[in-house]
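Note that the chains are named A, B, C and D in the order they appear, and that numbering of residues resets to 1 at the start of each chain.
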Amino acid sequence: MSNLQITIGSQLVNLCSVLLLLTCFGIIAQRRLLACVDLFAIQSMFLAVMAALVAYLTDIHHIYVAAVLTIVIKVIILPRILKQVVRRLDVKRELALYVNIPTGLLICGALVILAFFITQPIVHLGFLLTRDSLAIALAIILIGFFIMVSRVKAITQVIGFLVMENGLFLGATAAAYGMPLIVELGIFFDVLVAGLIVGIYANQIQDTFSSVDTSHLKNLKE
Amino acid sequence: MEIHWPLLLLILTPFLIGLSGLLSRNRGTLDALQCGQAGILVVSVILVAEEVLTSGPLSGLFYLHTDALSVWFSLILGIVGATGTLYAVGYVGEQLDRGAISFKRFQRFFILFDSYLAMMLLAVNVDNLGIMWIAIEGSTLLAALLIGFERNKGALEAGWKFVILSSVGIALALFGTILVYYASENVMGVSEEALRWGVLHQVADQLNPEAMKLAFLFALLGYGTKAGIAPMHTWLPDAHGEAPTPVSAMLSANMLTMAIYAILRFKILTDQAIGPLYTGNLLVGFGLFSVAISAIFLLTQQDFKRLFAYSSIEHMGIALVGFGLGGVIGVFGGLWHLLNHALAKSAAFYGAGLVLLRHEHKIVDQVPGLLHGIPLAGVTFLIAGLALAGMPLFGLFISEVAIATDAFTRHPFIAYGFLLVLTLAFVTLLYQILRMVLGTPVEQKVLKLGQRCRSFATVAIAVNLGALTCIGLYVPPGLSDLLGTILALFGIPGK
Amino acid sequence: MSLLSYFLVVTEHEKADVRFAGMFYLIMAHLGTAFILITFLIFYQTAGSFSFEDFRMQGHALPEGMKSLVFWAALIGFGAKAGIVPLYVWLPYAHPAAPSHVSALMSGVMIKTAIYGLFRVYWDFLPANIHENLPWWFGFTILVVGTVSALLGVMYALMEHDLKSLLAFHSVENIGIILMGLGAGMLFHSYGMDSLAVLGVIASLYHTLNHATFKALLFMGAGSLLYATHTRNMEEYGGLLKLMPWTGLFFLIGAVSISGLPPTNGFVSEWLVFQSLFLSFKEPSIFVELMLPIAAALLAFTGALALACFAKAFAISFLAQPRSNHARHAREVPLTMRAGMGMLAIMCVVLGLTPMVVIPLLDDVTFPLLDTTIRWKVLELGGWALAPVSREFASLSTPLLFLLLSGLIGLALILCWVIGGKLRARSYITWGCGLKANSRMEYTATGFVQPIKRVFSSLYQPTVKLEANLLEESRYFAKQRKFDFYIEPIFLKYLYNPVVEFFSTLAERFRMIQSGSLSLYLGYIFLTLILLLLFVI
Amino acid sequence: MNWEGWLLTFGQIVLVLGFSPFLVGLIKKVKAHLQCRQGASMFQPYADLTKLFRKEVVYSETASWIFTVTPYILFSSTLAASLLIPTIFTPLPLNFAGNIVALVYLLALGTFFLILAGMDAGSAFGGMGSSREALIASLTEPALLLSLFAVAMTSGSANLSTIVYKTALLQDIVLDPPPHLMALVALWMVTAAETGRVPVDNPATHLELTMIHEAMILEYSGRYLALVEWAAGMKLMIFLSLVANLFAPWGIATNVSPGALGMGLVVYLGKIMGLAVIIAFLESMLAKLRLFRVTEFLGVAFILSVLAVVFFYILRVE
């Protein structure tokens, strides 16, 4: 492959990761649950694209597998499940937030800066064309985490978690062209099961508490 | 790559037995299978230990790898797992007899329970950080299902919190793993081997310090969440309180221990890369904080299962301090503490389970005079409680003294703080335990315990407490050799 | 050990107060353990092992600051177990709660092990060699602690009407006296006056021995009373001397010797302590010179109060008319119990009459510690008299005193016979101002100590409740009056309760941490992560 | 102990036994004169004692054997104490038997049993007397010990005879004024308290509520009473000779030549009779204090004795 291709490739990769980041901000800014789920699907899409890109550039084939899995699980299955849950519980929009949206955005900005600041000393380690996206990966993880903290509804917390997962995947791909295949598979499997279990719980909670507003789950305390 | 049957047995048995549970239609065979599993676990774990002691680390097929450290934790998981299985047969069986649950769910419980054990055993016996992570995540998910098993409000809430919090934790841990992988790259390039702990251990001193620092930080937070280290401990009391008692016992005695194991693996690598000071300070800091927090919460605790949960937080903290100090006796203390804690704490939970079955509530001041009420549980509480409080004659005392000593030889002030919080915890825990054990029972309606339940529980408790007192009084040579090799693994000349 | 004794305490754990006592005891004991652990750890740091041999070898290598740390740690650690002021608080709860033979054991033996620990640390581990001198304030502190313990112990004992608590408080007093001897010894040692130091140490060892005997005796006596009357409350005893003559006699002997009256053993050891305090004018430092005699005076005060206290205890329990049906129907205890007490009673007298035998033994004990023996000078007149320092300075011969007393009693009898001839006597009811004197007219224990309580009210801060509902016709006559008062030990009030308060409020405050909100929990983790990323990396 | 020793000891016993009743009589007589009364003869106490010895004993039904043995123990312990105190000769043969501490505790032994006896009959008065006695005894003991100690230190010995012997030999120590003066005053106050004299107690009172010593022995009669009274007399004599010989050992015999002894006897009798007269005067001048004033009175005594010690150290010339 020519240098040109490499540079273009790495820029494309970076572009994808930036897009990922943007979708995160989108989720932060979004009140409507279904929209959040869609955004997550889109984000996963970008992720898959990036993975494929990396796979193409480095022709390491198992990354294709990863990309495919991403599409299957994170773009198709999980959003399905989530949407089902959302419909079934008909919680259209999230009105309750612990942190209002502008503040949230500001904080996320701060998190991104932090992420860059943290990864800055170790970025030079990687000699791969994707290394710059490590910072973005960390940023996405933090933001996902922040979503979980700042949102009240169970669903959004799940979405936050999945965003974290995306961040991780990005990290894995960025840092090392993905984990060894076996690990990769395992991780995907786990993510899938996690999603299922969360779905189960959401249903059961809905049955017993007749709401998935986790702010109701405060009976167990000191 | 030759096959080590004991090792394979150790890990596969629970899986297979669990699955075969699906096929067996009648209860007798199910019980029999479980008892068999308990037996096999104990035997095979001891065989594995033998083998490792005689002929160094084993590597089976499929990343299976067992060195001294793994053996130590396999011992804990195996033995406590065995007694746990027995107890579960009694406990869940009792619920079945009372018609609290259907036979189907009875089956399902054991499928989950066994594969949960299997996952944990796998986690401590693989060489690959990635696989280890997967196993731990798997155990988390199964634990989530087990915690919510009883499907009442409390159980669901606890399960939900557990699932969310520990998934977050686990995610952070994964990032830590990725970072290690990342750091290993520019030492050995992109390779399948780069996640093998053994391999990493050889090249660890060349790994990039910054990356390792970051990696360890994430690993500590991530696995620390599962180990119930304050301030990531918040799920723990709920989960321990609401889960079916055998599960609580497994959570406390096995899962926390396993999480500590994972942290240790990372610590060893990081220490080689950047020296022990960094990890040491972090561990000691978190450890002390955990002990202090738990001590305070023990004081006002009204629910005896949560009580034991907080005491688990305390003991994990103590062990962390030991490992953090990292001197010979410190690490020894940590390991020794984990073993004894597992035995004592599971026994305590077994006792708690009996009380719960009998009284159907968990309020401390509603169950005084257990010595008269339920002698079995009373005695268990007394012995286990004293052991957990760190009374002399029990291993926990020895390990606490060891850790204190190590602390003292390094930074006396840590030692003073340590002893202070320890005394506080001691007082609060013992105060609560004795409130329950002594005195005269209050009149209230109680349910009778089934014979089979009682007998199973008796066996489980007897084994645990027996082992506890034995190693309290006399350390088998095998164990001490094992400790020696582990210390060597920590880069400390074994004594 | 504290664990086992705990179980001894809670043998009768059905009673709530017993459980409380046990708990309290366990906590204090554990506190002690923690501090003792610190002591040993400090040694371990230099010695590199836990063997006493190495401690002995290395102990002196400690820097000065560490030594004082060891001093305090050991004092608190063993003090908590021995029950010195202000750590004695568990003692009056634990001892009464335990069954009598156990209390006898605890007070007689267990407390002593703590004293043993103190001796080991202060005389054996700390000093490099026999001639190295520790700072003078070590001994002085011990002396002060001892004096305060002795005084407060007896003060509170006076106000106790539960026989066993009373004895427990006296354990505090006696520990105090023992420490006074020890302190004086250390003081002299720090000035290099070994022969005087030995005296102090021997005095305290001697008193340790004696306390073991008479306190065990008294506890057994209390036990027999409990056995006979099923109550520990003195106010319900009375007139028992006639019903239980043997127990009475033995208890009297115990009382006499704990009050340190000649010619019993308590007297001898207190006398020795006095001597070592009187030697003050040999001290170089004028401050200490002043303090020692004052300590001696306070010891005398303690002795006098102890006397009052046991006069009360014996008189109220054994003399006059029975004050309750319990007492009225009391029977003498079985022979085995009497035998036990009798043995100890004899011990008390024998130990008192044969210091010339005991002291050389103690001297053998102290010799390796200070390598000075005082045997040759202590014993005068072929061992019939004690002269701790010099015959010039002070001497004592209990055998002679004993002979004198008995001889003069004989003389008195003879006088009576010579002058008065044969005894003509008749008995008649006590004069009750025209009424028939009954047990309700007798002075109660409370009444007996009332003057003292009033004089020292600033210390006791008693809470007195007096309510009377008067007759409608005249407000000078009452249908009934209700009087009760109780005393809260000053340290419990100002030292312990606040601590407990602090922790429980703290715990209450902290409960909000575990508020049950998942987002909050996530927040903790998030915050921790961010902070660590910011500051640790 | 040689035959002289025996002789002297016996002589001392006889002296104390024989002379103590006279002191009581003397004080009564002087007081009578001061009250412009004739008063009974000085030898009246002897008659009283013999009478009492002859009389029948009446004791309470509730009383136990404690009540019976107390007089003997009181008598013997007081007498034994008196044998530790130099009167006409020093050092005493029984010097080695005990020092000031032994003295104090011997007296305490008597007090202890007296308190018990007071409670034994079960009458309210006895109890009242005992309780007050307990208070006063506990307050006097430290003062007594410390004031004696203040004197002891000047001669570097705690054995009474030795103290007196030394002071007797070198007169000037006695003139070591401030400590001794304070000790003297303290000792005098203590004496008043211990021997049940005004202003602490009033031996002549028969108003129950003010009695202390008298209340304790209220139930006694016959020979028991006699023994108790006699013991009281001896106690008085003990304290007077303490005052006399510790602070003014002039003329006391230091060798056993008959001349010296005779001289010693005369001077000694003179001294304590003088003191007795002083007591009489004081008693006629002062009024008895309230019980809870007594504590302050004794507090003063204690402070004085402490000061005596302090001054000794401060003014010590070396």
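One rule holds in what follows: a residue touches a chain if its C-beta (ideal position, glycine included) is under 8 Å from a C-beta of that chain, and two chains touch if they have at least 3 such contacts.
Given the structure is predicted, the values throughout are model-derived calculations rather than measurements.
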Selected pair, greater C-beta contact count between C-D and B-C: C-D
In whole angstrom, the CA-centroid distance of subunit B from subunit C equals 47
Mean-CA-position distance for subunit B and subunit A (Å): 31
Whole-angstrom distance, CA centroid of subunit A to CA centroid of subunit C, is 72
List, in ascending order, every residue of subunit C touching at least 2 other chains. 510-511, 513-514, 518, 522, 525, 529, 533, 537
For subunit A, what residues touch not just one other chain but two or more? 118, 145, 148, 157, 214, 217, 219-220, 222
Per-residue overlap in subunit B, given as positions that touch at least 2 other chains: 160-161, 164, 168, 172, 210, 214, 237, 297, 300
Mind giving me all the chain pairs that touch? A-B, A-C, B-C, C-D
As the complex stands, subunit B meets subunit A at residues 128, 130-131, 133-134, 137-138, 141, 144-145, 148, 151-154, 156-161, 163-164, 167-168, 171-172, 174-175, 178-179, 181-183, 185-186, 190, 192, 194-195, 208, 210-211, 214, 237-238, 241-242, 297, 300-301
Help me check something: in the complex, which residues belonging to subunit B touch subunit C? 160-161, 164-165, 168-169, 172, 210, 213-214, 217, 221, 225, 231-232, 234-235, 237, 278, 282, 293, 296-297, 299-300, 369, 371, 386, 391-393, 401, 404-405, 408-409, 412, 415-416, 419-420, 422-424, 426-427, 430-431, 434-435, 438-440
Seen from subunit D, its contact residues with subunit C in the complex are 13, 49-50, 53-54, 56-66, 71-73, 75-77, 79-80, 83, 94-99, 101-102, 104-106, 108-109, 111-112, 115-116, 119-124, 126-128, 130-132, 134-135, 137-146, 149, 152-153, 156-159, 162, 219, 222-223, 226-227, 291-292, 295, 302, 305-306, 309-310, 313-314
Write out the stretch or stretches of subunit A touching subunit B in their complex. 60, 118-119, 121-122, 125-128, 134, 138, 141, 145, 148, 154, 157, 161, 164-165, 167-168, 171-172, 175-177, 179-180, 182-183, 186-187, 189-190, 193-194, 197-198, 201, 204-205, 208-209, 214, 217, 219-220, 222
Partner subunit C, residues of subunit A touching it in the complex: 98, 114, 118, 142, 145-146, 148-152, 157, 214-215, 217-222
